[in-house]
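What follows is a pair of complexes built around chain A, which joins chain B in one and chain C in the other.
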Partner chain A sequence: MSGVHARGVRRFHFARDVEEALSLLAAYEGRGALLAGGVDLLRSLRVDIEGLIDITRIGLSYTKEARGGLAIGGTTTLTSILESRAAREYGGGILADLLHRVAVPPLRNMATLGGALVSAHPWADIPTALVALGAEVRWQGEKEGRVPVEELYQGPFRGLFRQAVAIEVLLPPWDGAFAYEKVGRTGYDIALLNACCGVGVEGGRIAWARVAVGARPDRGERLPWAEEALIGQRPSQTLWQEVQDLVAKRIEVGDDRRASGAWRREVAGVLVERALARASGRAGM
Partner chain B sequence: MAVETRHRGAVGQSVTKVDGPSLVAGKPVFTLDHDVPGALVGKILPSPHAHAAIVSIDTAEAEAVPGVRAILHHGNVPRVPYTTAGQGWPEPSPYDTVLFDRKVRFVGDRVAAVAAETEEAAEEALRKIRVEYKVLPAVLSPEEALADGAPVIHDEPDAEGIYDAKHNIVAAVDIPVGDVASALAEAHVTAEATCEIPYSQHAAIEPHGVIAYFDEAGRLVLRTSTQVPFHVRRIVARVVGLDPARIRVIKPRIGGGFGSKQEILLEPVAALLALRTGRPVRMAYSREEVFIASRTRHPMRVAVKLGAGKDGVLQAIDMEVLSNTGAYGAHALTVLSNVGSKTLPLYNKAPHLRFRGKAVYTNLPVAGAYRGYGATQGYFALEVAMDRLAEALGMDPIELRKRNHIRVGETSPIFEKIGEGREGTAQVVRSCALADCLRIGAERIGWKENRGRRREDGPWVHGLGMACAMQGSGITGVDMAAATLVMQDDGSFRLLVGATDLGTGSDTILAQIAAQELGVPVDRVLVYSSDTDFTPFDTGAYASSTTYVSGNAVLRAAQSVHRQILDVAAAALGERPEVLELAEGAVASRKTGRRLTLGEIGHRATYVVDQRQIAATASFTCPESPPPFAAFFCEVAVDRETGVVRVERFVVAADCGVAIHPKAAEGQLEGAILQGIGHALCEEMLFAPSGRCVNAGFFDYKLPSSLDTPRIEAILVPSEEPTGPWGAKSISEIGINGPLPAISNAIYDAVGVRLTRAPFTPERVLLALRAAGK
Partner chain C sequence: MKLLFELNGVPQYLDVEPGERLLRLLRRLGMKSVKEGCGTGDCGACTVLVDGRAVRSCLMVAPQVQGRRVLTLEGLGSVDDPHPLQQAFLDAGAVQCGFCTPGMILVAYELLQGNDDPSPEDVRKAIAGNLCRCTGYVKIADAVLLAARWKQEGKWR
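On to the complex of A and B.
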C-alpha cells in the first residue's frame, strides 16, 4: 500500500534549516510533506504528495534539561530519547516506561517524538502521555507559537502541521512521578487501551494529580474529575481503588474493532489504578 | 534437546543446512530475486463486493493507458472449471473456480488482470477498467449459508463435485462406527466442548510470487513460490489449455508456505498473460493481497461429546463440524475429513464413534491448506473436552490420556473409514512413544507440583494445561515421491528430488538420508529439487509427507546405488560383493582388507572398464501414514483484572521416530508452537458488514513476536518407525495442534473459566471471568 502512494513523489529535499523546510513546504502548495522518521508517512493515505522534505538535518534532534523539565527536539527519535541521560530521571522514569512499550526497536529507531505528536493517532501511546505530562509544543510556520498539547488536540491541529514544523516538545518539571500502563494484543501492538498517571505529595497529601486515558478508542484525554478526586487526599491503595471505581463509572469509552466499550470501561479503571500505584511508589510515597 | 539415536553417520546429526550459507550471505535465491529482462508486471483487479454479478466490463480506457499490453477478464479467457487446491489426482476439491467468472463471490475475488510495462501503468489500467456490478445479497457466516432461502453462492451450471450447491454445502461427511447415541446415554460420565476458530493467516514471510517466461525453445517456464510444482504444471496446463509437455515449473528457495502455497493462484494468470503478450510476466501478491486473495485457515466450529466408564476409558466420541470454506471449496472436503481422521484414532479405546460435518460456502475469503489441516481445529475441541472429562471423573488429565491413547500394535477403524476425500487405509501403529512424551513433558513442566496451585502474583494467576495430538506422515494411496541419485566420476553424488523444500530443511534431510546409506558426509551429496524438467515426480510438500514419503524414495534410490557401487568395486577387487562394505567414503573388503575409494570407483565406472552410469531412480508410494505423536504442556498467567493471558512456558515432547536432523525437527516444533500461540491469543481476521477484511496486514493482524515468545522447550522423544527412512516419521504439522487446547486448559486451571472461542483476547477472557462471577 505504502509503495503505491510513495510513487507520486518526484523530489526529495534535505532542508538545511527550519526556514528552508518551510519555504519548500510552501512552494509545494499542499503537495509537499515533511519527513522525519517517515513511519506515519509510510502509512499515510495521502496520494497527493509530490515532494518530501527531510527535516532530520536541521538541528532538531536533542533531548536536554530545560527549566527543571525537558526540551526534546521535534525530530528526536524515540530510541535516542530512551538513550538520553536527561530523559532517564524525568517524571520518575516515565519516558522509559512509556517508550519501551511503543512498537519495536527498529521502528523506535525511526519514529520521532514530533511525528508521534503530529500524527496523534487515537490508539497511540505518546499522545496520552504528552497530555498527562502537560507537554507544550513549540512550532514554527508562517508564525511561531507555543501551545499545550492538550489544547492543541482540542482544536483542528492537523492543518497547522501541514504548514508548520513541530520544533520542540517541552515537558514541564513535576515534583512527583508518573507511570504508564497499556494493554495491546502483542508486545509490539498499538494500544487497545492506555493510561498515564502522575501524582505529587506535599505534607502527606496529594498536591497534584494527572490522569489521562487513551485509545478509548478516542485519543488520550485527561480525566479532570479523577484528578480532583485525588488532590488533597492521603495516598493509599484504598484511594487508588476508589479512583478506579470512579473511572470505570464515569469514563467515556466506545467500541471499535479492537475492543468493546464495556471492556474498556472496566479496564480503564484498572490501568488508572495500576498507574497511580506505580507512580506513587516511584514518587516515594 | 536432541536425543541420541543409535545411528551413526549423517542421520541424527544437526548438520549445516545445505541452503544455509547462501541464505546467510543474502544470495538471490528467492523467486523474485531474479529479473527476467523485459518482464511485464501483472496485476489483478479485485472485487469490491462480497457477492455480485458482473453486468459488463469495459476495458477500452484501460487498454489506452501507455504501456498496457494485455487485459484478461471473463470475456476473453477460456472458461475451465478447476480447483486452485494443489492436490494429487484425482482431485478431491470441487471444480468450482474459473480463472475469471461473470460473478464475484468475495471482496478480493478476481475480476480482471493486467500486464503492463510498469507497475504504475498496470495500476492505472486497473483503475480504468469500468465494471458494472449487480450487487447480490451476501452470505457472511456459515449459519447464514445454511439458512432457508440463503443466496446460492455457486449457481453456475458447470461446477463439478459440489455436494449440494443449492444449499451452499460444498462437502459433507457422516461416518458412524457403532452406536454413539446409546453409548453416550449409558456412559458413566460425559463431557463436551464446542470450540471455534476464526479466519487466520499463514503469514509466510515471502508473499506468493511467480515469473512466467519462454525459454529458447519456446516452452513456458514458471518460476514460482509453490509447495506443489508438479501440480502447478498439471493444473496450469489444463486451465490455460497448453500441452503439459510445453510447461516447466521451477521452485526456487521458498520463504515459507505453511499450506498457503499448496494452491495454484497466480501461476495460470501469469501464464496466460505471458501467452497473450509473448513477454515474460512477473506477478507478486502484496501483503494485503496475501491476506485477502490467497488462502486462510478454515474457520470452524467443532463440537465434541465424550462418554466414558468410571475407569475413564472412553466408550464414545461424537464429533460434529461446521467448516467455512469461504467463496471456493479449495481443500474443503479434505480439511473437513482430517478434523476426524487425524484426531479420533488417538483415543482408539472408544468403540463407538461418530464423525459428521459440513463445509459450507460463504462470501468471505477462501480457506485452504494450513499446517494442521483440520486436525488443529479438531484437537482444540477434543482436548478441551478431555480436560472436562478428567475433571468430571476426578482424574488427572494425563492419566485419562494414558488410559485411552493408541499404542504400538493397535489400530483404529477411523484409519480405514476416513481418508483424504475418500476412504482411508487400514493401518496398525508401529511406533508410538506417546507414553514417554507424556511422562517426560510432565516432569519437565513440573505438572505434579504446579498444576491446580493457582499461584498468584498480584492480579496474575498461574495455571497449567496440557493436550495430546497426533498427525500423519503423508497421504495413503495418494502420495508418491521419486528420487534420482547419480554418482559422479569423482565419487560425489547428485540427488534429484521432486520434493519441495519450502524452508523446512527437506533438501538437507534428504541429503542426510542418502549420505547415511552411502557412507559419505552430507556435503558429498548435491541436492537439486523441484524442477519439473529435471527432477522426478513428487506430489509436493504437504500433509507432513516429505521426510517420510520423499525420504523413503531417496533411501531406495540410495540402496540401489549402494548395490551398484559394490558391484563395480567387486569387479575391480576381484571379490564377491557380499564381503564388501561401504563406509567412510570407500569400499573395503572384510576378507582381504583391500579398499577402493568412491572417487576411484566413480572414475573406473565412468572412464576405465565396463563403463556405465552408476545411478538409480526409485519411487515410494505411501501404503500407510505413520502418525507422529506429541504431548503439550504449558503454563499461563491470567490477569484477572484485564483479561490478558501470557504464556509463560511451553513444553512439547514429540515422537517423530528418529529425528534425521534434530535441530530442524526442534525448529519445526518451536515454530508450530508459536504459530499455535498466535491462534490462541491474538490472530484473527476481522470483517466489516460488507464482507471486507478490515485488518489485512500486520499493522492490525497481530502475530506473536519475539517479545511474546515464552520459553519453548521442544523435546524429541525417540521411537523407531519400521516403515520410515532410518526410522523417521513426520514433524512439520503436529506442533500446531497443541497450543489452542493446552492454553485453554491452562486458563481453566488458573481461573476456572473455559475459553472455547479463539483467540483468547483480553476482552473474551474478562467477559468469561465476569460471566462466571469471578
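On to the complex of A and C.
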C-alpha cells in the first residue's frame, strides 16, 4: 500500500503559466515534479520529490479542430476529450473507441493526455494509438520543439519531460478511419496486448494503412511490413485474414509475468484483424 | 499551507501539509464514509466528487482541491434523511459489509446527473472501477436502475 502521506513533499505550487512551471522545475534541481492528473505521479511518488508543480490551471485544457485534424492541450482530461464535439468525428470515432477502454470513469476524470503521453507504460493504451495516428507533440523547455510521438519514444523522452512541458498533442487529418482493440483479463485491467489500425480507400483500393501493436510487452510500435501488405489491395475479409497470418508470423513479442510470447503472437494477429475489419467498416468500405 | 475549499456545501479554510492526501484530510474532517481500500487507485472505496466529477481521493493531495467543491456521501444524505440513491441501495438489498457502498453511490450519482435513463450496460460501465467483495454486483446495479426510475418520476433531489 502506498503511503497516505507524501512525506517528502514540502511545497505545492499552482504554476500560473508554462514559464513559471519551468522555472520552478529548474529551481528544484530534480526534486520537483510536474503534476497533472496525479494518477501516475502520486500512486508511487518518489521519496526525493519535495515540490509539486500543478500545471492543470494554466490554460492547457482544450480539444479543438486544427488544420483538419485535432489539437489537444497537454492537461486535457480523458473525460473532457471524450465529451468534446471535435473529438467525436475524428478518425471515424477512434478517440471514443480508445478512451472508453482506458481505466474507468473516475480515473479518466483525473488522468490527462499529457500525463498518459509522458508516463507511457509499455502496456498503456494511449501510446499505441498516438503512434498509429501519427500524433505529434509540441513541447516547451529551455527550447521549444515539435516531434512525432513515434520518434519521441525511440529516444530518451523521460529525460526531456523532466525539464519540459508537453504543451499540445497534434493529431493529423486522415481520410479514412481507425479502430482500437485491447485484451485484458477483465474490462478494467490493463492490456495484455493492444492494437490500433487505420485504413483509407481510393478508387476501391487501400491508399494508406496504419498498424500498431502495443503491450508486446514493449510499448506500441508500428508494423511497417503489415502496412505495406495492405496498401494497393482491395479491402476484404480475406485480406484482413492474410494480414492476421502475417502478423502472427512476423511480429516481435516477448514473455512477461502477464502473458507468454507464444500467446501474444497468436493474439496479435487476431487483434489486428479485428481492428482492420472494424476500421474499414467505419470508413464505409 | 492554507487551503480554501467547499466541503458538502460548507466553506473550509484550514492549514494542510502540502503532501497530505485528500483521503486523509477528509477523514480527519470527520468524513468517515471515505474509505481507504487500496491506496493505489484500484478499488474506488475512496471516491468523492470534485466539482461534480468522481475522483479517487487516495491519488490526490489536499492542495489540488483549492477553490473546488468536494462532495462526500455525508453531503448527499443522512440516516434520518437518506438521499433517494441511498434509499434505493437499501430497498434493493445492495449493501452487505458496506465498505464499497459510499464509493458506489457516488459514482452512480455522477452517472445519474448526466443520464436519466441509463441502460444496465451504462450502469455496469460506471461502477466497473469500484470493487465489491460481498454482493456480486447484481443488486448494486439493480439499485442504481431503481434510483434512475425514481429520478425519472421526479423523486430526486
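Rule of thumb we're sticking to: the second predicted complex is superposed on the first by the 279 of 285 C-alpha atoms of A that agree within 3 Å, B and C clash if a C-alpha of one lies under 4 Å from a C-alpha of the other, contacts with A are read in each partner's own complex, and residues count from 1 in each chain.
In this text, contacts are C-beta pairs under 8 Å (C-beta built on N, C-alpha and C of every residue); 3 or more make two chains touch, one makes a residue touch a chain.
Predicted model only: the values in this text are computed from it and were never measured.
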Which superposed partner A:Ala66 touches (first chain B, second chain C, both, neither): neither
First (chain B), second (chain C), both or neither touched by A:Leu160: neither
Chain B versus chain C as contact partner of A:Arg43, first or second or both or neither: both
Partner chain in contact with A:Arg257 - chain B first, chain C second, else both or neither: first
Broader residue contact with chain A after superposition on the shared chain, chain B or chain C: C
First (chain B), second (chain C), both or neither touched by A:Val104: both
Partner chain in contact with A:Gly187 - chain B first, chain C second, else both or neither: both
Partner chain in contact with A:Glu266 - chain B first, chain C second, else both or neither: first
Residues of chain A that lie at the interface with chain B and also at the interface with chain C: 1, 4, 7, 43, 104, 187-188
Interfacial residue positions of chain B with respect to chain A in the complex: 119-120, 123, 286, 288, 459, 641-644, 681-682, 686, 694-695, 697, 699-700, 702-705, 707-708, 761-763, 766-767, 770
Chain A residues within the chain B interface of the complex: 1, 4, 7, 43, 104, 183-190, 192, 257-260, 263, 266-267, 270-271
Contacting residues of chain C [partner chain A, same complex]: 1, 17-21, 23-24, 36, 38-41, 44, 47, 53-56, 58-61, 63-64, 66, 107, 110-111, 125-126, 128-129
Contact set on chain A toward chain C in their complex: 1-12, 14, 35, 38-39, 42-44, 52, 54, 79, 100, 103-107, 109-110, 187-188
